[in-house]
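Have a look at the structure below, then the notes.
Chain lettering (A, B, C and D) follows the sequence in which the chains are written, and residue indices restart at 1 in each chain.
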Amino acid sequence: MSGSTYGTIFKITTWGESHGKGIGVVVDGCPAGLALSEEDIQVYLNRRRPGHSKFATPRKESDAVSILSGVFEGKTTGTPISLIVHNEEQRSRDYSEIASYYRPGHADLTFDMKYGFRDYRGGGRSSGRETIGRVAAGAIAAKILKQLGVELFAYTKSIGPVQINPASFSLEECLENPVCMPDKEAAQKAEEYLSQCMARHDSAGGCVECVVKGIPAGIGEPVFDKLDACLAKGILSIGAVKAFEIGDGIEAAQTVGSINNDAYQYDSDGKLQKLTNHAGGILGGISDGSEILLRAYFKPTPSISTPQKTVNQSGENIEVSIKGRHDPIIVPRAVVVVEAMTALTILDLLLMGMSSRMEYLKDIYLK
Amino acid sequence: MSGSTYGTIFKITTWGESHGKGIGVVVDGCPAGLALSEEDIQVYLNRRRPGHSKFATPRKESDAVSILSGVFEGKTTGTPISLIVHNEEQRSRDYSEIASYYRPGHADLTFDMKYGFRDYRGGGRSSGRETIGRVAAGAIAAKILKQLGVELFAYTKSIGPVQINPASFSLEECLENPVCMPDKEAAQKAEEYLSQCMARHDSAGGCVECVVKGIPAGIGEPVFDKLDACLAKGILSIGAVKAFEIGDGIEAAQTVGSINNDAYQYDSDGKLQKLTNHAGGILGGISDGSEILLRAYFKPTPSISTPQKTVNQSGENIEVSIKGRHDPIIVPRAVVVVEAMTALTILDLLLMGMSSRMEYLKDIYLK
Amino acid sequence: MSGSTYGTIFKITTWGESHGKGIGVVVDGCPAGLALSEEDIQVYLNRRRPGHSKFATPRKESDAVSILSGVFEGKTTGTPISLIVHNEEQRSRDYSEIASYYRPGHADLTFDMKYGFRDYRGGGRSSGRETIGRVAAGAIAAKILKQLGVELFAYTKSIGPVQINPASFSLEECLENPVCMPDKEAAQKAEEYLSQCMARHDSAGGCVECVVKGIPAGIGEPVFDKLDACLAKGILSIGAVKAFEIGDGIEAAQTVGSINNDAYQYDSDGKLQKLTNHAGGILGGISDGSEILLRAYFKPTPSISTPQKTVNQSGENIEVSIKGRHDPIIVPRAVVVVEAMTALTILDLLLMGMSSRMEYLKDIYLK
Amino acid sequence: MSGSTYGTIFKITTWGESHGKGIGVVVDGCPAGLALSEEDIQVYLNRRRPGHSKFATPRKESDAVSILSGVFEGKTTGTPISLIVHNEEQRSRDYSEIASYYRPGHADLTFDMKYGFRDYRGGGRSSGRETIGRVAAGAIAAKILKQLGVELFAYTKSIGPVQINPASFSLEECLENPVCMPDKEAAQKAEEYLSQCMARHDSAGGCVECVVKGIPAGIGEPVFDKLDACLAKGILSIGAVKAFEIGDGIEAAQTVGSINNDAYQYDSDGKLQKLTNHAGGILGGISDGSEILLRAYFKPTPSISTPQKTVNQSGENIEVSIKGRHDPIIVPRAVVVVEAMTALTILDLLLMGMSSRMEYLKDIYLK
């Protein structure tokens, strides 16, 4: 297999290359009876669409999605939902040159080593356009989760050295700036930083944080399919992610147990509360009902027009400047991808959890 | 499913609780013809065995492994290898009290919420003893990898605030100190730090680093089953891990593309080299043939005898001091677990990669 | 999941309904470097296309396939191959009436019971058009198998009471008659029988036999993933199949061991031979290198215009005559579907078998 | 993988060889809260135990099962249930001779061809003792199904040429005769037939029929994971099975649509009924709520002491008489194995079906 299927019950299979005919996804295992329109999916795709801002590739793509199957009279039927986005502006000529050499920081070399050759047009299957299928499927997952009371949202936490200030946090602000930061001041600093990078023909990285509210307790499987383990896989499967944290993450490794443990308390209504949430909502791989908090760290976009040393397939050491239309940073467009992978992962484990107790079986089959 | 199976081709299924009859693993999909003895596995298990040092639980367990199937006349037959370790010192009385309340930082609450009740003896299935099955299976995976030229080793990189100094790195030193640090001086500081934690009835966390040498280029699948994504899942599936990094990890998100990209060069023998390895040996989810470097961050052991606030199942807010035999830090014993999960993950993807090219099929079926 | 994915390494996912926008399949896990064109696939699709003969539905569909991804410069790249066939003549009006009642012998009732409602247009997902995805993917599997020396072909063995005569067997004859029988005389009798059925507004069933030549010994996994078990699943997953036989099948249950056992003998060249092949090429679930022989038994087409008793969704007992364009028998068009499922099943197990021996790993990774 | 795992949610993994230390199974994904004791499992194992009658191997095995994990205070905890049966009477000396040659009708040759060598003691992994794990796990599945109102039972339908007479059917009679036939007269004829076979040092085959009552409508997935397709795989995965039928099976292929279609009717209470059940309870791969009926056809036991032609590993054509303790027929002992595989298959699909409708998700997560 080439690893293009994700999930066990809510199972998605993506396909397509940057400069092929299109990009698509088949969603198998969507429960029947969900109201679903192309518009539900399009709003998610629009969040990752190129051409929005000066910090995103100028490639023009409408990324308009079509539902080809699995929906009848406005509702999901329980059968596979096939979604397609046609590629419109495939300027393959931009890429003809890169056929002969290996771009540093890209998957050119490793695809050649794995498969013997590669579709070199725009990164082929390793292009960021591959995430269209994830986001389209993630939109469906998020809609189901919402009906179960689960909401999730992601935002840019940092770009290069610029961090958001938790004290200035405003989720609405994300929509107001091109870097998707929930902090107006930080966003301005990040824009300045990015402008400097672009002026130097360089690129930047950053961090996306994702919050999940309203998840039922008990989601995630002990041992290998822990909720945090599955989230880590989902997040690291996004190209360019180099690190993953849940809750306090790396900081947890530096503190002591008496600080890191989250104490429990019944509130005045007898409801179980955690006094802190260092764990990020997961204990033993299973959700505890509190907020889930995770972070994805993205490396700088590898495509830069600064000259770089590399090799070509004729055995020569050469120097190259990458041309073409590239994002100086992918973080703002990746925010919705992180959200999508989080939604897909949580939904699949939530469906898996339906068989965790004999009483649940009886609820459904003996009613 | 309860998530106790890992891998697609080299597939392991673990079972067992801390205070049940034993712990075991079934390894399905091991290639036939591998010389394998109980001793091969025991040396790995001994590295995670309790009772070694003052920084590990005094619970006495020989953790002696038996091979129950799948090996005939000293060689694997290709059929499932069943391995068992009997529990010897199950002092269940130590745990009878914790049946009634939820230990902060443990999975007590979440198991109850998922399943309606729990095996409360020593953490049951969420105990660290569950890792015995992983380590036993990992020993087999590591042996196979070694025959293919792949070697991996892990060590403690930090404990609380104490970091190893790369300049003093000595892998042999790991065996000489109880904290498994490849740096004598850092190890001494870490021991002091741990002694202070213990004196305060507190616990510590830390970081394990794992290095893989000799992996062929081309391992890992694009998109969802990227090598780093699978490693992230494997590592986060170890209890108490809160963060994962590949290569430069979080630091990569703070630098620029011109620094982070690893340049290629042919050396004088015409061999392809990377001038740096910020990527940690993986590009586009596929190994590039250079060294793989990953880090796992562990939270402090949640079992501490310092009084903590929590709740009991009778609806009361209470204060508890955890008794029983606990590790003040799990990092040194977790080193071999990280190594095991890394080996299992890489081997499975390496087997998957056997069908990536038509020529490989012909190599095997037309010879 | 809704069960639309088949295979573990060579993994296909089909989608689409009879009267939706189209039918498609994503093939994940195809080895890189296979020469592949749309024509390779079209020749298979043409064998199941409607409108050929008086014994097939007059629905007009060109069933022209497009490759949307996974092929570059005429060769598979190792990434997902997305194939699509657009529906052309969706006369949904023919089916509007059947929305209100349950057709006997169809999946109308069971889809409603499973999902709460159904896409009633032409059977929706349970239509025979669903097999387009199988056949398209099967064409790729068959092409790979052929390069490994494995050839497979299927034909109609019986229609209603008419059986082929092994003494008159001629594979070429299959292409000469509309019932795909390798026996001219039997084909004529079958045509007469079908004409009588049609005159009575009735339908017929029959048997398809499939032969696999040149399969290497050692394919199939012991225990649950036996080659014959996987073939049985693949064949029974074709709509309307009610029975499966391997080798002598049911007859084997009536004979004695001394007759049923296939004796071995070295021929004069020292090559191992079986003196008979009652087993149909599989022992202990693993191929023995001789010819594989299997049979699929299809029920009569359930859509008949003879009046039938049934119920509607308003709670009434009614009598119906099914209108629309239906095949009086599906067997001749199902021949290529049986071939496709056989190819897909064998190829997947053949890829799985690549990791069965340590020496195979070394062949690929240490060369 | 070596194919020793079965099921997606209710997932079992078996291990062990005929003459190894024991046979076992790990059941992962069992819902929590099921009362379960060793006795629940033992009653099923006793039905397949050897040594009962003159028609079964005289090998003495108590086949006593131990639960090693996953059950606490008499109830399943939701974590893996590990079950073990120790081998007691491993007379390996009986088998030393067969190391050098290939027994006709056995998997000796195919294991050697797949793996390069084999555990030749008593058939190793391909022994009928492998079914102990299936039956032990099947006992758990059957217990869960019973609590959901689903009951299943199997019996011998034919032995060699002797068929039961439906008019004389009495399920209780199965327990009264050594051939497990629900028809006293047929059982006597079958015993006579078997005595004749034994006198000729020959063996016999036969058919097992299995009936499932009370299954909810809507179980089974369209397309590849049809209920009948999954049952076919489960049944064919039992060693020695050569054919599978659902409902009318092969006969359906010989009749016409107007006879084969099952008409619907509301009875006087408004309950939906089928007037016939030619389909065997499944339409479009999904249960319709009526009785499921399937048949498994077993070949004669291949081990016979009649001289047979075969080859040895030294390249010689030889003649052998198989010694050792063998069943002259396996059908009566296989009855409970068919029941177990049927229960395992149905339960897994039933758990899968829990996520088929949005309303089911809400039933569990919004209550």
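In the analysis below, a residue touches a chain if its C-beta (ideal position, glycine included) is under 8 Å from a C-beta of that chain, and two chains touch if they have at least 3 such contacts.
What you see is a predicted model, and the numbers here were worked out from it, not measured in a lab.
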Please give the intersection of the contact partners of chain A with those of chain D.
-> B, C
Name whichever of A-B and B-C has more C-beta pairs touching across its two chains.
-> A-B
Remotest chain, chain D as reference, centres from CA atoms = A
Quick one: report the Å distance separating chain A from chain C, using the average Cα coordinate of each chain.
-> 38
Whole-Å distance, C-alpha centre of chain B to that of chain C, is 45
Quick one: report the Å distance separating chain A from chain B, using the average Cα coordinate of each chain.
-> 26
Contacts with 2+ other chains: residues of chain A = 1-5, 8-10, 14, 29, 32-33, 78-79, 114-116, 125, 222, 352, 356-357, 359
Chain D partner, complex, touching residues on chain B are 1-5, 8-11, 13-17, 20-22, 24, 26, 28-30, 32-33, 66, 68-70, 72, 75, 77-82, 84, 114-119, 121, 124-125
Partner chain D, residues of chain C touching it in the complex | 1-6, 8, 14, 102, 104-107, 109-111, 113-116, 125-126, 130, 158, 160-161, 197, 200, 202-207, 217-226, 228-237, 239, 241-250, 252-258, 260-266, 270, 272, 275, 279-280, 282-289, 297-304, 306, 308-311, 315-317, 352-353, 356-357, 359
Using the touch definition up top, name the residues of chain B that touch chain C in the complex.
-> 8-10, 29, 31-34, 78-79, 144, 147-149, 216, 222, 350-352, 354-367
